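Each structure below is given as structure tokens.
Next come two complexes, and both contain chain A; in the first it sits with chain B, in the second with chain C.
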Partner chain A sequence: MSTDSPARKEEMVMEHLVSLTYRERLTPNLNRFVDRILEGELIGHRCPSCSRVYVPPKGYCPLCVVTTSAEDEVKVSDRGILTGFTIITPVAYYGQQATDPFVYASVLLDGASTPVGGQDITGVAHGRIHTGMRVRAVWRPPAERRVEGITNRGWGGLDAVIESFEVTGEPDASPEDYKEHLF
Partner chain B sequence: MPARDIAIIGYAQTPSQRDAIQSEVQLLVGTITDAVTMAGIERREIGFTCAGSCDYLTGGPFAFVSNLEAAGSWPPISESHVEADGAFALYEAWMRLQEGDIDIALAFGSGKSSPSNPAEVWAQQLDPYYLAPLGADPVSLAAIQARALLDAGRATERDFAEVVARSRAQAASNPNAQLSGAVDVDALLAAPYHTAPLRRHDLPPISDGAAAVIMARGDKARELCSRPAWIRGMDHRIDPHQPGVRDITTARSATTAAKKAGYDGGPLDVAEVCATFSPQEIILREALGLPEGTQINPSGGPLAGNPVMAVGLVRVIEAAARIIGGSADRALAHATAGPLLQQNLVCLMEGE
Partner chain C sequence: MTERCAVIGIGQTHFKKRRDDVSMPGLLREAIDRALEDAELSIGDIDAVVIGKAPDAFEGVVMPEIFLADAVGATGKPLLRVHTAGSVGGSTFIVGAHHVITGIHDRVLAVSWEKQSEGNAQWGLAGGRSGGIGAGGAFAPWIRAYIEESGAPEYIGWMVAVKDRRNAAKNTYAHLKMPDITLETVKESPMLWDPLRFHESCPSSDGACAVVLTNQAGARRSSKPAAWIDALSVRSELGQFPGRNPVRPQAGVECAHDVYRQAGITDPRREIDMAELYVPFSWYEPMWLEGHDIAGPGEGWKMVDSGETDIGGAFPVNPSGGVLSTNAIGASGMVRFAEAAMQIRGTAGEHQIDGVRTSLAQAYGGAAQYFAMGIFRSS
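Right after this comes the complex of A and B.
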């Protein structure tokens, strides 16, 4: 029997779903970020060397490789510029719960140097979304805000506090204002 | 192939901690900066960077990419990553330096074992041939190895306890150790089994930590360091991955790696060996051919602090530190990977 016959292939496949649990404390910089977003406020750390503002705060500047701390904390706006987006048409892979097309957008908040990624954009048809649009945070009601999805790995979780970013209708930002911050 | 003159001129490590509040990248930021400062160089002088870490341990795909932020990766740098201990990153960086076109290289390793249950995570690591989970956790495997050693009459449980007592006592002078201090061998033997025949003290602590090493070539090393730790040879070898097909009371690949690294069985001042479980020190002492009089794991070794993915590189640092500091002329460092001393790396260093 040749190795690529269907029967042989079937023998060689084993399904093995793995679940691993990780429990950890948030770093002090993220803990502070979480405290503030529960209050409806966004903060970052301003690098003392290059003045870039990282949101959420990382506790260091990756460009200058210097640590940042509570002393470097700055408040940033909950309004900003849509710098990039993808409209995702979900396929039913294991774990995918979405069924309708959805948006994954990056928003450069006013006062920040790094966009926050993975945000939903509302108040506009998907087909009309474009970079440069001015957007503002739609905060979930305080009692409904959840922060369990925010981890030290820094991926996502903000959507359980900020439901979406809706377009404000203000004139588009100039590409000059965000061309260094695309993600 | 004769190795070009390459030496360790700077290093740094975090203390081994049970549960570090900083992220893995944050642990690395200070560590790499300290190693660069010790070497007396500017970050941009580093011609090649290699990192070692484990995404399974960090708990996220591509977690190793953010670790690179701690190395200062803008403007773009030349770098690589190994899904292994930082000692194997050091090996790659050492090979890269031998090309002869760059003078300085950085290697680092990092890991946080605290967020997960190591026994659970390591059992899910994939077998390299079948890509199926290994299925056995390191503690159970180490207990089988310890039993084999006892059955072969090559060691007693008291021997295991003596390794632990000596490690903890030596760790008393190591500020980075997690477990240290005088312990009585009889008191250790009175403790209940954790996984027979191993007691809890025969196991390493669960640790978070990071380590970084700067190497330089030839005259550059001499210019930057008054007494560099010259790497006379470095080699790593691999035994079959399936513990059932080899004699687990020895580590043949460690013997080969030591020989290929140029260790001739002659006098050694210090050997820092990656014996993560106490019986493994007995196995390694024999497999590496460490002579009487060699100080073994003066830092306390992995039994005093086990920051997985940095612990092997820490062995190199502890050995190099004693050469740079002048208390040793010839030192051997050992690192390991895989189940039961499957993969072994040996780095032989000398002063000038």
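Right after this comes the complex of A and C.
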């Protein structure tokens, strides 16, 4: 029997979808970050050695190799600069709900040294998006904010609190202002 | 180095979208048997086995090294599994070579693979969640940054795609063979990850690659020419930190400079005869030419534009068709090393370049944060 016949191929395919739900305890630093974003505030840690500000707080500066704590906490703006982006045509896979092209952008918040990645950009046609644009957070109403997607592995899940970053219409930032903080 | 290390056996499977005709162990064995035949050895002659693949989530087979031990001939022998994301095939090769260089073993088999049709890499990369961006989505903003900074015309990406797909048509084992592809074909293909189009992106393949590595005594016993390893290096860095330049990651710069230093190379563009670079998205060819200081800043795309990286050019890149034409992720890094070694041995068939005496292999992975590089010479 040919192994290429459709009937034979179906016999070879076993649907075996596995899902896992797990709960984890956030680090104290992320816990404080989550408490504050539910209130509509963004915080980071300023490294006591080099003054770089990490958002969300990592609890350390990987460049100076020093720990940071609540004492190093600083508030950062919910406005910033679009430093990099792509527009993604979603690929179908199990669990994928996106069907229309979506923006995937990095935003350097005013006062931060690291951009937040994976953000949507609104208030502008996809074709007119460019780096250097000034943007501001569009917060979801307090009752609709969700933080389940925020894990110790990274800063994903911010979109359940901040719906998107909307262009403000202010003049573009100069590349000099953000070139050291692109990604 | 206490021992010199040579490649005396190379085996690849035919790479395809689906290899339903073989199991995962069968796929590995196909590459291994070809490598052993090329090396004129049997599996009993092998002292140790090193294997590597990309994340287990790509096939949903967890810790495959356990159930594959028998199929890869490692029963009763040392078996190590390596993982460095997309660069894993390169680092698996290097770990295998280190077993020989340190004098611990005489003959080492290194094999790497991916059987992507058994799972979904996009699902794996997205952790099963919606809104996955794929590798293309992660690299696209950096590619845009390169284009904006270098001022390269958009057709450069199309040119790389055309070159690699046409080269692949000369490679028996390649997945995507498109001998008639033109700039128009690429230009008119759908935009996937702006600014990357469909034909500027790698496919998803099933396949494996294996190499047999040995010392000077082992190479003397082989009747075929060996490819001698003159330099090997691995470097890594964090995926994100303030001031990081992901377009030209410092780990990539240092990895390249390390292999050039080991091989006594001061002018890579002139002293290296060809390169197999990990180019899963067209723009990575000029980006790595600059990121590894083969070309100066803003000069990489000009090497593409002038045809210098064509098979007949002064610095051919990816005569095999590259990752852009064949991408079984875990295998892709090792295929770069295997192809660079084949060019030295004169066994690359239709895509052989005349007179290759020094070749460069490179693989990268993660958020362009893992690098594995090697330099081969004919003597």
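Brief remarks follow.
Convention: the second predicted complex is superposed on the first by the 164 of 183 C-alpha atoms of A that agree within 3 Å, B and C clash if a C-alpha of one lies under 4 Å from a C-alpha of the other, contacts with A are read in each partner's own complex, and residues count from 1 in each chain.
The working rule: a residue touches a chain if its C-beta (ideal position, glycine included) is under 8 Å from a C-beta of that chain, and two chains touch if they have at least 3 such contacts.
Keep in mind that this is a model prediction, so the values were computed, not measured.
Within the superposed three-chain model, A:Pro28 lies in touch with chain B and out of touch with chain C [touch as defined at top].
Of the two partner chains, chain C is the only one that A:His181 touches; chain B does not reach it.
Comparing chain C and chain B on the residues of chain A they touch gives the larger count to C. When the two complexes are overlaid on their common chain A, residue A:Gly59 makes contact with chain B while staying clear of chain C. Residue contacts after overlaying the shared chain place A:Pro171 against neither chain B nor chain C. Looking at the shared chain after the overlay, A:Pro141 reaches neither chain B nor chain C.
By the touch criterion defined above, A:Val18 lies against chain B and chain C together after alignment on the C-alpha atoms of chain A. In the superposition on chain A, contact is made by A:Ser106 with chain C only, not with chain B. Chain A uses residues 16, 18, 62-63 to touch chain B in one structure and chain C in the other.
Listing the residues of chain C that touch chain A in their complex gives 20-21, 60, 120, 122-123, 126, 128-134, 136-137, 140-142, 144-145, 148, 190-196, 238, 240-246.
For chain A in complex with chain C, the touching residues are 3-4, 9, 12, 16, 18-19, 52, 54, 62-63, 84-91, 93-98, 102, 104-106, 113-114, 117-118, 131, 180-183. Of all residues in chain B, only 19, 21-23, 25-26, 29-30, 32-33, 43, 56, 58-60, 63, 66, 69-74, 112, 114-117, 120-121, 124, 132-133 touch chain A in the complex they form.
Across the complex, chain A meets chain B through its residues 14, 16, 18, 20-25, 27-28, 58-60, 62-65, 67, 152-155.
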